[in-house]
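Data first, discussion second: the structure below is written as structure tokens.
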Amino acid sequence: MLPLYRLTISCPDKTGIVAAVSNFIAEQGGNLIEANYHTEQDSQWFFMRNEISFSASSFQADDFQQQFSSLAEQFEMLWQLIDTRTAKNIVLLVSQHSHCLADILHRWHSGDLAGEVVAVISNHNTLCDIAQWYNVPFHHIPVTQGTKQQANLAIAKLLTGYQTNTVVLARYMQIIPASLCDAYSGRMINIHHSFLPSFVGANPYERAYQRGVKLIGATCHYVTSDLDEGPIIEQDVVRVSHRQSKDDMLKNGKDVERVALARGLQYHLEDRVMVHGRRTIILE
Amino acid sequence: MLPLYRLTISCPDKTGIVAAVSNFIAEQGGNLIEANYHTEQDSQWFFMRNEISFSASSFQADDFQQQFSSLAEQFEMLWQLIDTRTAKNIVLLVSQHSHCLADILHRWHSGDLAGEVVAVISNHNTLCDIAQWYNVPFHHIPVTQGTKQQANLAIAKLLTGYQTNTVVLARYMQIIPASLCDAYSGRMINIHHSFLPSFVGANPYERAYQRGVKLIGATCHYVTSDLDEGPIIEQDVVRVSHRQSKDDMLKNGKDVERVALARGLQYHLEDRVMVHGRRTIILE
Amino acid sequence: MLPLYRLTISCPDKTGIVAAVSNFIAEQGGNLIEANYHTEQDSQWFFMRNEISFSASSFQADDFQQQFSSLAEQFEMLWQLIDTRTAKNIVLLVSQHSHCLADILHRWHSGDLAGEVVAVISNHNTLCDIAQWYNVPFHHIPVTQGTKQQANLAIAKLLTGYQTNTVVLARYMQIIPASLCDAYSGRMINIHHSFLPSFVGANPYERAYQRGVKLIGATCHYVTSDLDEGPIIEQDVVRVSHRQSKDDMLKNGKDVERVALARGLQYHLEDRVMVHGRRTIILE
Amino acid sequence: MLPLYRLTISCPDKTGIVAAVSNFIAEQGGNLIEANYHTEQDSQWFFMRNEISFSASSFQADDFQQQFSSLAEQFEMLWQLIDTRTAKNIVLLVSQHSHCLADILHRWHSGDLAGEVVAVISNHNTLCDIAQWYNVPFHHIPVTQGTKQQANLAIAKLLTGYQTNTVVLARYMQIIPASLCDAYSGRMINIHHSFLPSFVGANPYERAYQRGVKLIGATCHYVTSDLDEGPIIEQDVVRVSHRQSKDDMLKNGKDVERVALARGLQYHLEDRVMVHGRRTIILE
């Protein structure tokens, strides 16, 4: 297997970026496996993702980075070179609902997830056995009114300890403090059980039922300190009718949550998501 | 063609309603072509729709109604017997967007709509020629700051004059006064160009773009004096991506608006929609 | 909890069936929790499903059945009275793909499945540990060219031993002999990984890729001796593009398979599916 | 408005194509408004679409083409430079169903179609008035058993006369001769009223009903001499249930046909569709 790298770039749009980047990659002996780019007309901002294999055994990522820097400077690029051989450590935060946890663990176990699940953290003990069956360490950190701050510190410490790349809130029902949101900005993913911006906050299925909507949905988004307001990565919906009770909605909603979270997480792990203000560019 | 009637019923749930109604219909020589009912568990409320053909040439709707009254009283029913041979007069209110108007007129012209389009009213002259091609009277009632009240009175008068059964706001961009909303309660249908309750109010596509949602939608609902808050009849969505500009969203949204309005309107015209608080029961 | 029963009926359509059945249920002290019926216009055939709670502690199912028989005879009904307290035993047949198995076991374990998974049978040992984690007996019955008949006998014996109500082929890649298909007619469910009737038979994703379709799907259907031709219970699709390789299709297809199977199986276990020739009536 | 061009390319994949093309465009003073490319891994084939604005008033398409030729030769490219200011002439062939015709004419009239409808040809007179309202010439060319060949010659002559770029079979119920298919290869688009490859040929809704499928669909594809086997551009589906009669399916299907045709046609007119064997690459 040849070393496979991803080069992601965002910068102000300008004539000649694609040519310059493609030239550079070719000169370094890189072969484009996949390449996507997008220019947002409104902001005149440019986004690019390249998947590159290097045939030369002599290839040195450090050299590439050093030499690319001057090009990057010229175009005012935000950029990253990612070695796909370095696994991304994922920590899952859960409460008592098992459907998203079980789904992600199964995808990981089947080799369908582009990352490594290294730990599960929960404020309840309920899902301990699922994690253990997959041989994933499970940490029970109870959260009560008085111990909130302490609990969040413990979580932060665990995340650091596990060299966590990506945090997934797989129906974790607690508020994340702003400090943690910031520390994992663009790397902490939540699944909200409604089609945002509809039904921000608590009890979305109950409120969807009361409002009499004809479709219910789920939203996978990056977490910011502003609850349910982070950039959306993926959404999906399913049709409901008057025949569905609140409980039926909750049950049917689980399938949508699972799929929206799994898709959004996969885009993220494959470095396809670029955040631009409150919008995301998905370079698939 | 045998006379075809619809009997719609809603009442508190009780043992024996279906039996009593079915018995009554059978005794009157009625044959059930289609029958649907639903009990809402929360409120213990019962909804029923029967499509009945009467073979006896001697059938008299008046007699049926008189005799059914005592049964209806016993079960505290809200009910209606509808002769399907009486066409439902539809008046369309539009502004400058043609897509919904053209779609409904074409469905009507093709014989696919369960009602009669009798007039088009608009605050602009733009869509006059489409209406005229279908030989539908077109009324231009301009609305300016100073003439609003006058305009609404003129509209009300036209609606009365046309013996209007159903009013359709096919992207009519003006506020409807509470008095008109009340007069046509449960018979005035709006198409809102967002997936409600997301993006209530003006410029939903612009706001959907800014929020970075991954699906855009449309909502067909009954009009109440509370803007965009009426009972939802039908909704639909279509996937969008970062590649769609605001203009693309607007263009793609048209297809969703057309279909959601057409489906919701058809349910209404076939007497399939029963309003229960803010929810609708669609007995299809 | 009051005893809850389901009464399912199919018979030639005739005036007065609903009245007669509803009357009978009311007379027996039954309270309709949910009731659905449908008349197929083409064949003039009538289908009905009633969910009934009986308040009288003295209620005897045997008496009900005996007394209902004469009514049933009069209308030439095929009918069944099902006690919902009697769990339905489900046996899953699998090969090496885990996604459908893991999904059903998780739903069952979460209390979301209207039946009891009592055993897993497989021609491979691969999925043994998943079954065992859920404390479900796992039977490895290898199938080779020479042992096919013997294996099928062993399967038949196990199914009998487990007093199996419903057999689920959760991506079991072997042909089921006609004798087994007949023995479990209307109770053996398969998930086919294509949108039937497209891509009947082997390698549907490969063929979907070659044909360049823009949506791929999955079909949940009853098994008959005629491969992939049994009555369809549920189908679903997901959009694909030229960007998806065959492997991507296979991976994305898993999500559709899971959901189509889960929905179809649930309809079946709730006695909502009535087979009429090659068509199914889903009384939800 | 600056002149806007599209450059579409397909060729064997090779390192450096993107760099070479981007360099060339930049050297010619071109600014990339939108660019997409795709490499098909199976065949190692490369596809590219560039939307370019040229700021220099001195820009000459001829010069560009001449100079690009040597680059194209080097990479064995199939390529095209398209001036977006040259309108694409569209001729619609229809029979008696109006829904697709009315939809396309309305989109064109609203300025939402990237081409010019220049004529409607039909084997019936039914839809003459719709065409005329839009001031589009209507040609009635009846087709009988004896006059088939003559009719097809007349059609071919009209297509030539109108300098037709794209032919749309908007529910034209006649077989197109191989000679015409070849003459408009990659430029003749059909809408088939099923989710291909399901229900190839006649009466797809009837057969979908008989097979008891749970979703019906429509397929927009290029026409080849092999009936319903041409490369698929776009497909869509809509859910149906046992409650839909054959007539309901036909009615609901119309909405899917309209949308699938409109989307596929728009992709084609915007030069986003690249045919590769039986597959299409949609560079959106």
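Here the chain labels run A, B, C and D in written order, and each chain numbers its own residues starting at 1.
Assume contacts are C-beta pairs under 8 Å (C-beta built on N, C-alpha and C of every residue); 3 or more make two chains touch, one makes a residue touch a chain.
Predicted, not measured: the structure shown is a model, and the values here were computed from it.
Among the remaining chains, D is positioned farthest from chain C, on the basis of C-alpha centroids. Of the two chain pairs considered here, B-C and B-D, the higher C-beta contact count falls to B-C.
In the contact between chain C and chain D, the residue numbers used by both copies make up over half of all numbers at that interface. One inter-chain figure worth recording: chain B and chain D are separated by 36 Å, centre to centre, where each centre is the mean of the chain's CA atoms. In terms of their C-alpha centroids, the spacing between chain C and chain D amounts to 42 Å. Residue positions of chain C touching 2 or more other chains: 243. The touching residues of chain D, counted against chain C in their complex, run 38, 40-42, 195-199, 209-215, 217, 231-237, 241-243, 245, 277-282.
Taken together, the chain C residues at the contact with chain B in this complex read 15-16, 18-19, 22-23, 25-26, 30-37, 39, 239. Those residues of chain C whose C-beta lies close enough to touch chain A in the complex are 98-99, 102, 106, 109-110, 112, 133, 243, 251, 254-255, 259, 262, 284.
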